[in-house]
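Common to both upcoming complexes is chain A, partnered first by chain B, then by chain C.
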Partner chain A sequence: MTDVAAVYPEIIVTIVACLVLVGDTALGRRRATAALPAITVAGLALAIVATVTVVPLGHYFRGFVVVDAFTGFFRAVFLLLAIFATLVSPEYLERRRIPAGEYYATICFSTVGAMTIALSSDLITLFVGLELMTIPIYVLAGIQRGDRYSNEAALKYFLLGAFSSALLLYGFAWLYGVTRATDFAAIASYLVANGVASGPTIVALALVTVGLGFKAAVVPFHQWTPDAYEGAPTPATAFMSVGPKAAAFAAILRVLVGALGPLAVDWSIVIAVLAAVTMTAGNVVALAQGNTKRMLAYSSIAHTGYILAAVAASRAGVSAGAAVLFYLFAYGLMNLGAFACLLYVDLDGTRGASLDELNGFARREPLGALAFAVFLVSLTGIPPTIGFIAKFYVIQPVLDAGLAWLAVVIALNAVLAAFYYLRVVVRMYMYDPEGAVPRLVSPRLLSTSLGVASAAVVILGIVPNSLLEWAQRAAQPLVR
Partner chain B sequence: MTLDFVEPVVFGVLAAGVIVAGAAVVLINRITAAALLMAFTFLCMAGMFVLLGAETIAAFQVLIYVGAITVLILYGVMFTPQADRPYALFFQKQTPLAGVVVAAAAIPVLLLSFSFVGAVPKPGGDDLPALATSVFVDFAFPFEVASVLLLAAMVGAIVLVKRDEDSEARR
Partner chain C sequence: MPDYSLSYFYVLTFFVVGAVFVTVLLTIARLVAPKKITPEKLRTYESGEEPIGQAWARYPTHFYVFALLFVVFDVEVIFLFPWAVLFRALGGPGLVEMAVFIAILAVGLYYAWKKDALNWY
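Entry: the complex of A and B
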C-alpha cells in the first residue's frame, strides 16, 4: 500500500483528467465552460497538497520510483505550471471553439508524464514518463484542427518528437547493453567501477545527449521549436514552452547527472559548447523576428542555453543543480506569463502579434501591458525580478566549474537579449497605435492570473531565499 | 520407438511455411491474398514459439498479429481504392538494388545465426506466472503508466479526428 501512497499526486492528476473528460459530456456546454477549469484547478491543487505527504523518502515499486526532495520540487513546479496554464486558457478556448474538456485533460495527462519523469529512478520509468509527457503535447499543438498552422505545428512536433524518442531509446538500449542495468544507481556504480569511457559507452552517451537535446530544444536540435510554438494555439504554446522544457531538464538531470555522472568529464565540455551555441543562436535569431510569438519561441531556445550552462557546470556540486532548478522555476513563471500576455491581442488566427500590433498597447490595456513588461524585464534579467536572480545563480557555479568563457558568453547574451525584449516594452509604452486598432479582448480570469504571476516574479526577485533553499535541498540527491 | 525426429520435422515444416509464405507476400500481385499469406506467416511463427515452449507468447502472437493486425490490414485494403494494374510494375526497376540491400542485411544475420547452434533452449511451459509476475509485480509502475499513456493517446487521437460539431450543425 505504501507503494501506491508514494504516487498519490500522479493518481490524483490522472483521475482529474478522467473526471474532466466525463464532466465535459455530462455537464452540457454552458455549465462545462465554468466547471471544467474549476475542477482542473481544484484537482491540481489537491495534488500539490498530496506532494507534501506521508510516505518516507526512498524507493518504491521495486526500485522503479524514487521519492526524494528532487521529485517533490519538480512535482510542485509541474503542478503549478499546469494550474497557471489552465487559468489563462478558458476565454481563449471558448472564443476559438477548442474542445475544452479534451484540452484540460490533455494538460493533466502531460503533467502526469512530467511528474513520472521526476520520480523515475530507472530508464524504463523515465522513458514511459517522457512519452506520456510529450504525446499529449503533440495533440495540444494541433488541437485547433481548422487552423493550417496548428496542423503544421502538430505534425512537425510529432515527427521530430518521435524521431528523437527513437534516438533516445536506442541510446538507452546501448546503455543497458554496456551496463546490464536500467537502474540509475546501478548504471552509475558500473561506470564508476569500470572507469574510462569505452567506445559503446560513448555511443550511448552521444545518443542520449542528442535525444534529450531534441526534447529540450537545444541548438542544433531545435528546428521544430519555432514552428511548433508559433503554430500552436497561444495558451497551448504557453504551456508547451515551459512544462515539457522543465520535464526535459528533469530527465537531463536524472540521466546525465544522476546515471551518467561518472562520465561528467566526457559530457560536460560538450554540454558547455552546446549551451553557448544554443543561447547565442536563440538570441541572434530572435533579434530578427517581427512576430512576438516567434520571437518568444526563439527566446525560449536562448533560455534553454542558460539552463544548460548550469548543467554543464554540474561538477560545481549542489549549487549547479540548484541553479538549474531555480532557473526552471523562474523560466516557467515568466515565459508562460509572457506567452499568455499575447492572448490579449490574439484575436484571429494563431499567429501571435506583430510588433506593430503592440504599439501603444499600454494605453489600451494598462494592466496587461504592465504584466507583459514585468515578464519581459524578468526574461531580460534585470533586477529586481526573478529572472535576474536566476541568471546570477547560474553564473556562480559556471565560474566555480572553471568555465569562465561560458560565463562571459552568458553575460554577452544577456546584453544581446535586452535589445529585443525591451524593444517590445518600448513599443507598448512609447509608440502610438497606428490606424484602426482592433478591440482587445479583456478576459478577467487571464488578467487576474497574470497579475498574480507578475507579482510573484517581482516578489521572488526581491526575496528569493526560501525558493533557493528549496532548490538546494532538491538538488542534494543528485550529488554523490 | 523414440519421437526425437518429430521436433526437427515440425520445425522444418514451420520454417518452410514462414519462408514460402513470406516470399509469396512480397511476390504476389493480389493484395488480399498477400494479407492472408502474411497472417499465415504469423501463424507459423506462433508454431515456432510453441516449439520453444513459450506458449504464452504464442497465444499473444495469435491474438495480436494473426487476429488484430491482420484484420486491421484487411480493413485498410477494403477501404482503399484498388488500381486495376498490378502494382508489381512499380518495383521492377528497383529489383537489383533491393537484392543487393537485402543480401547485405541477410548474409551477416545468416552467418551470425550459426553461432547459436550449440545453444539449448530452456525447457518450456508454465511461462504465464513468470509473465504475470514481471508485468504486475516487478514492472507494475511502468506498466500502469503505459496504460495511462495509451488512454492519453486515444483521447488525443479522437480529439484530432472527430467531426466538428459546430460545422456539422451549420450545414
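Entry: the complex of A and C
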C-alpha cells in the first residue's frame, strides 16, 4: 500500500475534480457559484498538506514513479498556481456564463497531469502525465463555446499540441530503440557506458527537443502561443501561461538533464542558442503589440528564453537547476498575476485591453493598478521584486558554465523588455482616461487574491533565501 | 549499418514497388480502356440508391456528443478485456484498480446525463 500512499496528493486532486463535477449538477445554480470555488480551493490546499510526504523518498510502482525533493517542489508549485487561478476566476465565469464546474474540474485534472510529470521516473509515466496535463488545457482554451476567438484558440492549440506530442513520442521511440530502456536512470547509465552520441541518438535528441520546445513555446516552435493566449478566456489564459509552462520545464529537466544528461555536451549549445533566439524574438515582437493580452503572450515567450538559458547552463551543477526552479516559481506568480489584472478591464466586456484602454487606469481602480504595476516591475526584473532575484540567479550559473555571451544577451534583453512593461505603468498612472469613465466595480475575490500575490512578489524579492534553499534542495536529485 | 536501419530499407523497397505497381496499372488502364461517358455513369454512387441532394449536406452536430461518449466507452472495453483475461493473476488490487477506473468514467457519464447531453434536442 505504500505505492498508493506515495501518490496521495494526486489522488486527492482527482477526487476534488470529480466532487466539483458532481457538485455542479447536484447543487442549485445559486449555491454552486459560491460552493464550487470553495470546494476546489479547500481540496487543493489539502493536497498541498499531503505533499509533505508520508512515504520515504524513493521509487514506487515498480520504478515508474519517483518521490524526491524535485517532485515535492513541483507538486507544491502546481497546486499553488491552481489555487491562485481558481481564486481569480469566479467573477469572470459568472459574468460571461462559462460553466463553472467544468472550468474548475478542468484545472484540477490538468494539475494532476502536471504533478504526474513531476513524479515520473520513466518515459511512459512522463508522456501520460504530459497528455493528461495538456488535453484539459485545450478544453480550457475553448471553454467559452459561443466565442469565435476562443474556438480558434482551442483548435490551434489542439492541432499544434497533438503534432508536438507525436514528435515527442517518436523521439521517445528512437530513444528506446537505442538504449532499450524507458527508465531515466537506465537510459543515462547506457549513455554513460556507450559513450559518444551516434546517429540514432542525435535523431532522438532532436525530436525530443523539438517536441518539448513546442510545449514550452520556444522560438521557432512558438507560433501557436499568441493566438491561443489571446483567444482563450482571460482567466484560462492566466493559468495556461504558467501551469503548462512549468510542467513543460519539469519535463525538460527530467528528460534532458535527468535521462540525457550524459549528452549535455551535445545539447547545451543548441539549447543556449534557442534560449537567446527565444528571449530576443519574444521581446522584439512584444514591443510592437498594441493589445496588452497579446503583449503579455509574447513576454511569456521571452521569459521561456530566460529559463531555457539556465537549462543550457546545466553543467554548472545544482545552481543551474535551482535557478530554473526559482525562476519558474517567480514567473508563475507574476505572470499569472499580470494576466489576472487584465480581468478588471475584461469584466466590463472588452477582449484583452488595448493600451489606450489602460490610460488613467490608476484613477479608476487604484488597488488593481498598483498590483498590476508590481507584477510588471517584477516581470521587468527591477529590485526589490522576485523577478529581479530570479534573473540574478539565472545569470550566475550561465557565467559559471562559460556562456558569457548568453549572459550578455540576457542583460540586453532585460533592457529591451523594460520599455514595453513600463510603458503600461506610465499609461496607467500618467495619462488621463479618455472621456468620463466610471469607476469600475471591484470584484472582491479577485482584488484580494491579487493583493496577496503582489505582496508575495515583493516580500520574496526582499527575503528570497528560504525559497532559494528549497529550490537548491529540489535540484539536488538532478545532479548525478 | 545496424540491423534496424536495414529493416527500414525493406519498408522503403515495399513502398517504392507498391507506388510503381499502382502507377503503371492505372496508366495502362487509362490508355487502353474505352471511354463512353453517360450521365448514369457520372452520378454519385450511393450503393444502388437514387442520390438525394449534394454530398456537402448539413447534418446534426448532436452526433458529436454521442460519438464522444461512444469513444470513451469503447476505450473502456479495450481496457476491460485484458483485465478480464488476467483476472485471477491480478487478484484483489486489480479489482480495486478497475473499480476506480470505472467509477471515474461513471462520474463523467453522470455529469453528461445531468447536463442533458444525452437528450436528442
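Criterion: the second predicted complex is superposed on the first by the 471 of 480 C-alpha atoms of A that agree within 3 Å, B and C clash if a C-alpha of one lies under 4 Å from a C-alpha of the other, contacts with A are read in each partner's own complex, and residues count from 1 in each chain.
Going forward, contacts are C-beta pairs under 8 Å (C-beta built on N, C-alpha and C of every residue); 3 or more make two chains touch, one makes a residue touch a chain.
As the structure is a computational prediction, the values presented were derived from the model and not from experiment.
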{"item": "Three-chain arrangement built on chain A, chain B and chain C clash or fit", "value": "clash"}
{"item": "Partner chain in contact with A:T25 - chain B first, chain C second, else both or neither", "value": "second"}
{"item": "First (chain B), second (chain C), both or neither touched by A:G177", "value": "second"}
{"item": "First (chain B), second (chain C), both or neither touched by A:D227", "value": "neither"}
{"item": "Touched partner set for A:T14, first chain B, second chain C, both or neither", "value": "both"}
{"item": "Partner contacting more residues of chain A (chain B vs chain C)", "value": "B"}
{"item": "Partner chain(s) touched by A:F61 [first = chain B, second = chain C, both, neither]", "value": "first"}
{"item": "Partner chain in contact with A:V128 - chain B first, chain C second, else both or neither", "value": "first"}
{"item": "First (chain B), second (chain C), both or neither touched by A:E365", "value": "neither"}
{"item": "Touching partner for A:F109 - first (chain B), second (chain C), both, neither", "value": "first"}
{"item": "Touching both chain C and chain B, counted on chain A across the two superposed complexes", "value": "14, 18, 21"}
{"item": "Partner chain A, residues of chain B touching it in the complex", "value": "137-142, 145-146, 148-149, 151-153, 155-156, 158-160, 164, 166"}
{"item": "Of all residues in chain A, those that touch chain C in their complex", "value": "14, 18, 21-22, 24-25, 177, 200"}
{"item": "Contacting residues of chain C [partner chain A, same complex]", "value": "2, 4, 104, 107-108, 110-111, 114-115"}
{"item": "Contact footprint of chain B on chain A as seen in their complex", "value": "3, 7, 14, 17-18, 21, 60-62, 64-65, 97, 99, 102, 105-106, 109-110, 112-113, 116, 122, 124-125, 128-129, 131-132, 135-136, 138-139, 142-143, 145-146, 154"}
